[in-house]
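After this come two complexes, each holding chain A, first together with chain B and then together with chain C.
Here is the complex of A and B:
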């Protein structure tokens, strides 16, 4: 039998799964909406229960109503906690992804099941982020860029692994257009191979355009 | 246990048996009878988040029988019942506690906050200590990092370890699983570091 708080619990189970997954699963728009609606319904119930008392409700005189009110109140509080925990779990994940070099386009194009998004394939409605989350990622990305901008000689989001070689072989997995390097422009077309400076292509490797060889 | 802690929230969803001590006209739906009165003495399994507050709330009842009575009285959930406790006393390693509750220890500590169960604490402490040793053992083996064999099949599921350990590991609750993962990752990281050192 469905009970108040059951749907909120479902949301938290989604959050639990999100913690383990490498990518961010689609935002549960419908579930979030239903839980919020449940809170609104409960609130209305409370209001109508209290209405005849004209603001002078005495719990001791009417324990039955007091109990119903308490149950409603607790259910709302529970739903609130579930909603907050769900969104916070996702937000934390998004922050990690932004630090790892994803931007809004990568993330919103990302489908459940695929660890790496296909940029440009975002045809609306398929985003795994809610509009608010997209906004959050954009602004968090701006903040991070501003923070990183203070140090021009250190890349805060660069790899922590010390590079063994300055130059590496890479294979192009997806067309990535032309990039500018110290040694001139390289046109990255699919299936071609290059010997490039690691620092120039690190981000493209992280985004899944290039594959490191050897 | 943070407000946002997902495991803590899921623990609070565990149901515990409650007995209502009042007639409540509007709560029949809890007993699967929407629109009916929930009668005094009705036994309903309520999630911890609800049961806890209903059990400790002061009803302020004014009737002679209602003085200091809470809305519900609760019992220990079956997961912490006598049968399970006796079995744990006999051999803590033989019980898949996950089948009792995925958040077994978390549920138990919560219940001990609510009611005075000194024996429960003793049994659980012994259970955890015994099982933790076993978990550490499996975690080392699972990494394939033992001194005898090289690291075979390290990647992949922590739990598909194979052999006799599989049954035991499947029965771990969430807390124990975390412990297992930490022990496993720790052992592996230690081994990796040792191997790295030799190269220089």
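Here is the complex of A and C:
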């Protein structure tokens, strides 16, 4: 039997790794399940240990059992924290993706059919998100859209760099079709270069269609 | 803060009338303060953001009006106005994002008491409540629901360790004094107190600086 907390530690290591990776590694379904099971087992141990006492357990009279109880108790809480930390790290990462406007669900679905170098894509065969995470992303996206919608004139997900120039040079990296600006329509074909208003193309830069020059 | 912000402070665009100029200054202040304070500050309750939203909308309309004009002079004015508009929007955006980031970090903490809740705007409160609910749901469906009932809470304080993270109020901030005052700060080895003059800049713990800022004797920089 592995030591208490070994698996929880592994989860924390995964979380730590997730923080520095540019993409989201696959969800550790098995690990999460085992750690959760460990908590349930520990809880059962505690219950069966306490059962003969019928609620009148005196720690001083039986220090050995008291110690077991304490260790079990702490291990359960530790595992819970590990699980929370792991999930929180991942959801934070997902939230960043949502803020950046990348289509997270699309990305994780694309991975099955060959990734295309977009950040967030990885080399795994299946989706790197758990079904619960997919739900979460969808709901958080709605939440963000609702909050953003109350600030219609200020694009909250826009650039956090102060604007220096109104117009910038951009090069088109991928065909993005035609966009409408107040100076007329521009057809964004690959490898062409334009001098455009930053506000009009910010989104496309973030999504990797355009590259800002200079 | 870069040179442009300073220039904008002393030399706002000519057509600004005092009220709007004051709003811009208030916004800039709030923005600087929010970005340097380690905890969430009060949402300005005097309708500052309603006014700012209105002026942004007015400027956008003006830009649309002027766009059709081919006169080079209007064109130049248009560029000035648009640039100013972009920067204005940047301030608002950056301010809101700084707040959201803090709220997201310590959601449960800011939702835990009425005093703290009152710092959030209505929209932020709605956002924070919903976000926390989403997270809790996510934890529940991912693993928490198979936990023993006693362990399903997210706000345990067992073993003297609260599960609710709080912002670090002891981290250091820079403040500029707006009046001559006595500044008291706690140090690692010994505490210090110092009679300081207006426009002096000091660095001290936020917990010590907070009363000064709240009394209006100092501002964050």
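Simple rule for what comes next: the second predicted complex is superposed on the first by the 135 of 214 C-alpha atoms of A that agree within 3 Å, B and C clash if a C-alpha of one lies under 4 Å from a C-alpha of the other, contacts with A are read in each partner's own complex, and residues count from 1 in each chain.
The criterion applied here is as follows: a contact is a pair of C-beta atoms (placed from the backbone, for glycine too) under 8 Å apart; a residue touches a chain by one contact, two chains touch by 3 or more.
Because the structure is predicted, anything quoted here is derived from the model rather than measured.
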Discussion item. Applying the document's definition of touch, where does A:97 land relative to chain B and chain C: first, second, both, or neither?
Written reply: neither
Discussion item. Taking the superposition on A as described, I'd like to know which of chain B and chain C A:186 touches: first, second, both or neither.
Written reply: neither
Item to complete: Name the contact category of A:133: first (chain B only), second (chain C only), both, or neither.
Response: second
Discussion item. I'd like to know which partner A:68 touches here: chain B for first, chain C for second, both or neither.
Written reply: first
Worksheet item: First (chain B), second (chain C), both or neither: which does A:199 touch?
Response: second
Worksheet item: Where does A:168 make contact in the superposed view: on chain B (first), on chain C (second), on both, or on neither?
Response: neither
Worksheet item: Can A:76 be said to touch chain B (first), chain C (second), both, or neither?
Response: second
Worksheet item: On chain A, which partner's contacts cover more residues, chain B's or chain C's?
Response: C
Worksheet item: Taking the superposition as given, does A:84 touch the first partner, chain B, the second, chain C, both, or neither?
Response: both
Worksheet item: Between chain B and chain C, which residues of chain A are contacted by each of them?
Response: 74, 81, 84, 88
Fill in: Complex contact set, residues of chain A against chain C
32, 35-36, 39-40, 43, 74, 76-77, 80-81, 83-84, 87-88, 91, 95, 130, 132-133, 135-136, 139-140, 143, 146-147, 150-151, 153-156, 158-160, 162-163, 165-166, 182, 197-199
Item to complete: Spell out the residues on chain A that touch chain B in their complex, using ranges where they run on.
Response: 1, 3, 5, 9, 12-13, 15-16, 19, 49, 59-61, 63-68, 70-71, 74-75, 78, 81-82, 84-85, 88-89
Worksheet, complete the sentence: Within the complex, chain A is touched by chain B residues 3-7, 9-10, 12-13, 22-27, 29-30, 32, 47, 49-50, 53-54, 57, 59-62, 66, 71
Discussion item. So in the complex, the part of chain C that touches chain A is made up of which residues?
Written reply: 2, 4-5, 53, 56-57, 60, 64, 67, 79, 82-83, 86-87, 89-90, 92-94, 96-97, 100, 104, 123, 126-127, 130-131, 134-135, 137-139, 141-144, 146-148, 151, 154, 156, 158-159, 163
